[in-house]
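Order of writing sets the labels: A, B, C and D. Residues in every chain begin at 1.
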Amino acid sequence: MAQRVVAEGLFDWPSDEPRLIGSKCQVCDLVAFPAYPNCPNCGSLDVAETRLSTRGTLWTWTRQRFQPKNPPYLGTEAAADFVGYGVGYIELPEARVEARLTGGVDEPLEIGQEMELTVVPFATDADGTEVLTYAFRPVENSAGKN
Amino acid sequence: MAQRVVAEGLFDWPSDEPRLIGSKCQVCDLVAFPAYPNCPNCGSLDVAETRLSTRGTLWTWTRQRFQPKNPPYLGTEAAADFVGYGVGYIELPEARVEARLTGGVDEPLEIGQEMELTVVPFATDADGTEVLTYAFRPVENSAGKN
Amino acid sequence: MDDVAIIGVGRTPFGRFPGQTAIQLGAQAVRAALTDAGLEWKQIQFGFAGSFEVDNPDAVINFLGLTGIPITDVYNGCATAASALTQAANTIRLGEYDLGIAVGMDKHPTGAFASYSEEYGLPAWYGETGLFLTPKFFAMKIQRYMYDHGISPRTLAKVAAKNYRNGSISPLAFRRTPMSEEKILTSRMVNDPLTQYMFCSPDEGAAAVILCRASVAHRYTSKPIYLKASVVRTRKLGAFEVHSPWLPLQRADAPTVFASRAAYEMAGLGPDDVDVAQLQDTDAGAEVIHLAENGLCKDGEQERLYAEGATEIGGSIPVNTDGGLIANGEPIGASGLRQVYELTQQLRGTAGDRQVPGTPRVGYGQLYGAPGTAGVAILST
Amino acid sequence: MDDVAIIGVGRTPFGRFPGQTAIQLGAQAVRAALTDAGLEWKQIQFGFAGSFEVDNPDAVINFLGLTGIPITDVYNGCATAASALTQAANTIRLGEYDLGIAVGMDKHPTGAFASYSEEYGLPAWYGETGLFLTPKFFAMKIQRYMYDHGISPRTLAKVAAKNYRNGSISPLAFRRTPMSEEKILTSRMVNDPLTQYMFCSPDEGAAAVILCRASVAHRYTSKPIYLKASVVRTRKLGAFEVHSPWLPLQRADAPTVFASRAAYEMAGLGPDDVDVAQLQDTDAGAEVIHLAENGLCKDGEQERLYAEGATEIGGSIPVNTDGGLIANGEPIGASGLRQVYELTQQLRGTAGDRQVPGTPRVGYGQLYGAPGTAGVAILST
């Protein structure tokens, strides 16, 4: 099946070990995500691409239980077929990153649990092409919350 | 053919002698068009419906030669079929009123010429109903510009 | 800023008004404020107008009188009214004009707001992947706050139940039926932990506030209310704000905290002086958090305060006495001027069934909106 | 208002910039203004931001730094920049802040603007019958003006030809190719008497102006330009304004006339003092009319003035030295700040090929937009 990433430069793809792509300020060291053309702290334009860590902990979460409007949302399920998805901020060593969470809306989630990066299809273009984005999933067999 | 007016309360219809419906302030006597819920001069809410005269002179004019976007415009001609229409302000004894002008874009027009009210179809609904609005047309055999 | 007085307030009912445009609602609110102040439109020397849906809310003058005055349209998301009020007050303080108006109006379609993320300086993928949504931000903010400070879902239900109860005694509110905590808790989950009835709805309405130089206020009213402070602040890096694809590890206080501090300082007052407050309750969690962000309690105290009824009309710190956004809905441009309307009634002692007992002297209003802007106003007798 | 100085100006090219959002263009303009002033973003204490297409132009701070400053979004149609500039100047005059910014940005789709008449306080039928259009208003205003004051179509062509010619020596303009009067006169008739090349186009771009208290301007620049006046006025009843289904018989002067008079009075200057002017040339006719409405000539004198080249860069009253809207197009939020950018270059003597000879000392900028709002700014060395 044909696939495409929702945005170039958001994460490595194709890749066996994809990582999120951020930017690091060469003046004040702040890491931002996604990659910014400038530092949102000091305003410097001297920023360099940087890869973020792939594992972290769940800092907060919710579940998106109503269907976002399309556009801008690319999902095209009939309203009755919309099942919702988890959303959370993952605390990585470099920054807290907002992400869709894998698993349905009934997946139990707890602040502090370990999460890891994955890449998932979340919508399908009119021509059948699957659209991929990054997401985080609970680390299996992890010790649980922090 | 089924017909409807573009807006109730804009002019008398059906009528053999339709007139435009304005409002007259009961405090400062200002006549406004279309009928306002208030006086745009003194702000009074004490306004009464009034009929405007049907003849006046052309105060200024232009021709609308590009097709307005639909919506809000109700016209649905294909771009190639759009012929344009005249637009002007008619100086009536009570007020200057903006209006579409009858005749195509090649109809000669002169500031000061006599004009009279008419009601014309200008668009067609999806179900074939003709939509009517007011317009002004040159008075035939008039003495021309004063 | 003790040189600016509020001498007239007006609002429409908030709700759904088919056949009336936002601008007509705006004119209705202005007329109500003029009547309240005993003024005619032609006496108004300048204005600021706010709206989300209407490009040119200044066109309200079509229905009031074309007098040629300067009117500036302002917009700052849900904090729009704070911008209108602040700029109107500053215009008087500047000395050129004595008498001006702040008016806000809106008429939103039903359902959540939809926009494009690019218009907020965000990449397109943020909207395309289903992340450009306001409600889930509020859900995640209160989720973390509950974890950090021991707030229970029951307290969220208490917030909403109080606001529906206050709405039931507010003749101009949208939702005027009380609702039980159980019904609120068990209603449809929208964004965990927030259920359907813990959210406010976008709706329709308008509100207006007439301001004048304090030294001439006695010409128009025997009971002027003074606008002691009105400030707007944007977010600092590290604040947990709506529409944030990421956050730095080092946290900063929310913009409300800075707006609140600046307003207290400008007013020469502190949280202990506040007798009645109107806080941005986009959802029940927001009221809980904003209570602390505005210095009206410590983080975590809310659990006890709501259980004890402290935020009720008869409590020690009455909050959203007119039912807030939860009972009134939110016509964005008007919402903060509704707060000022209610605070003015409370300080005048004319709030009827909603009147806070004991002659309240200081009123406090706070707004928060996308993309991370807060406004705070402090009023006093 | 001689206590406010302009110490930095910046703009992007105007035109079409696929792949860049309006907000990114805004950030680019701010950076250019900061560089011009020798400042860093974190030194800016407050801002006003204007845009038609962007709900929250304050989100430009995402690309500059989240420093928590107050930023108010303003909008007044094509006069938006006048509102941003006026409010920014007033904020400094108020005394709380020393250093602030006005920024405007827009990115319009091609073609004429489309809106709903109800959003302007007009009935739905006005749009439905094909009357809610801006260009035909300008056409009818100049049609009557030509009749009353003996202006020929040839003069309209001279206006446009001058502005394309000035655009050809303006590196940041959109249309940089000179065009003959014949080509302009014989191009497609759009709204009689205005042809295709007599109109400006909506396009994309941003501009920013940094203001400071005049008493500290020497810290930042050796050649501060002073903002002597900046005012906004709405229409009076009887003015012939855009989107008017009717007009009363008794005419009133245009809002530009009142804004102009107020600005001259505030600046303590008169039309004879103006060395270089930027006027709203939505179309060639608008420049002709605005020349008189701003007191820069008598009604009807334009026919002779344009024939003699008086409005050329080397003429007695140079108008739209950077090509105006006709050569730059109109990103609504930015357009008036582009005027201030150009006037500042002229007064500094840094306008290069476009430099008005003889050390111009007073610059004049005017804006006019829907639904009948005018703005005037007067700058001096």
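What we mean here is this: contacts are C-beta pairs under 8 Å (C-beta built on N, C-alpha and C of every residue); 3 or more make two chains touch, one makes a residue touch a chain.
Remember, it's a predicted structure, so these values are computed and weren't measured experimentally.
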Which two chains are joined by the greatest number of C-beta pairs in contact?
-> C-D
Where the CA atoms of subunit A average out and where those of subunit D average out, how many Å apart are those spots?
-> 43
When the centre of a chain is set as the mean of its C-alpha atoms, what distance in Å lies between subunit A and subunit B?
-> 57
Whole-angstrom distance, CA centroid of subunit B to CA centroid of subunit D, is 33
Can you tell me which residues of subunit D touch two or more of the remaining chains?
-> 24, 62-63, 65-66, 115, 237
Mind pulling the residue numbers of subunit B that touch at least two other chains?
-> 40-41
Just spell out which pairs of chains touch, all of them.
-> A-C, A-D, B-C, B-D, C-D
Residue set of subunit A touching subunit D in the complex reads 36-43, 45
Parts of subunit D lying in touch with subunit B, wherever the complex brings them together | 111-112, 114-117, 123-125, 127-133, 136, 139-141, 143-144, 147, 188-194, 237, 244-249
Complex contacts: residues of subunit A adjacent to subunit C = 6-7, 10, 22, 30-34, 40-41, 59-66, 68-69, 71-75, 85, 87-89, 91, 94-98, 100, 111, 122-123, 131, 133
Complex contact set, residues of subunit D against subunit C | 21-24, 52-56, 58-63, 65-77, 83, 86-87, 90-91, 93-94, 115, 118-122, 231-239, 255, 258, 370-373
Residues of subunit D touching subunit A in the complex = 24, 27, 31, 40-42, 62-66
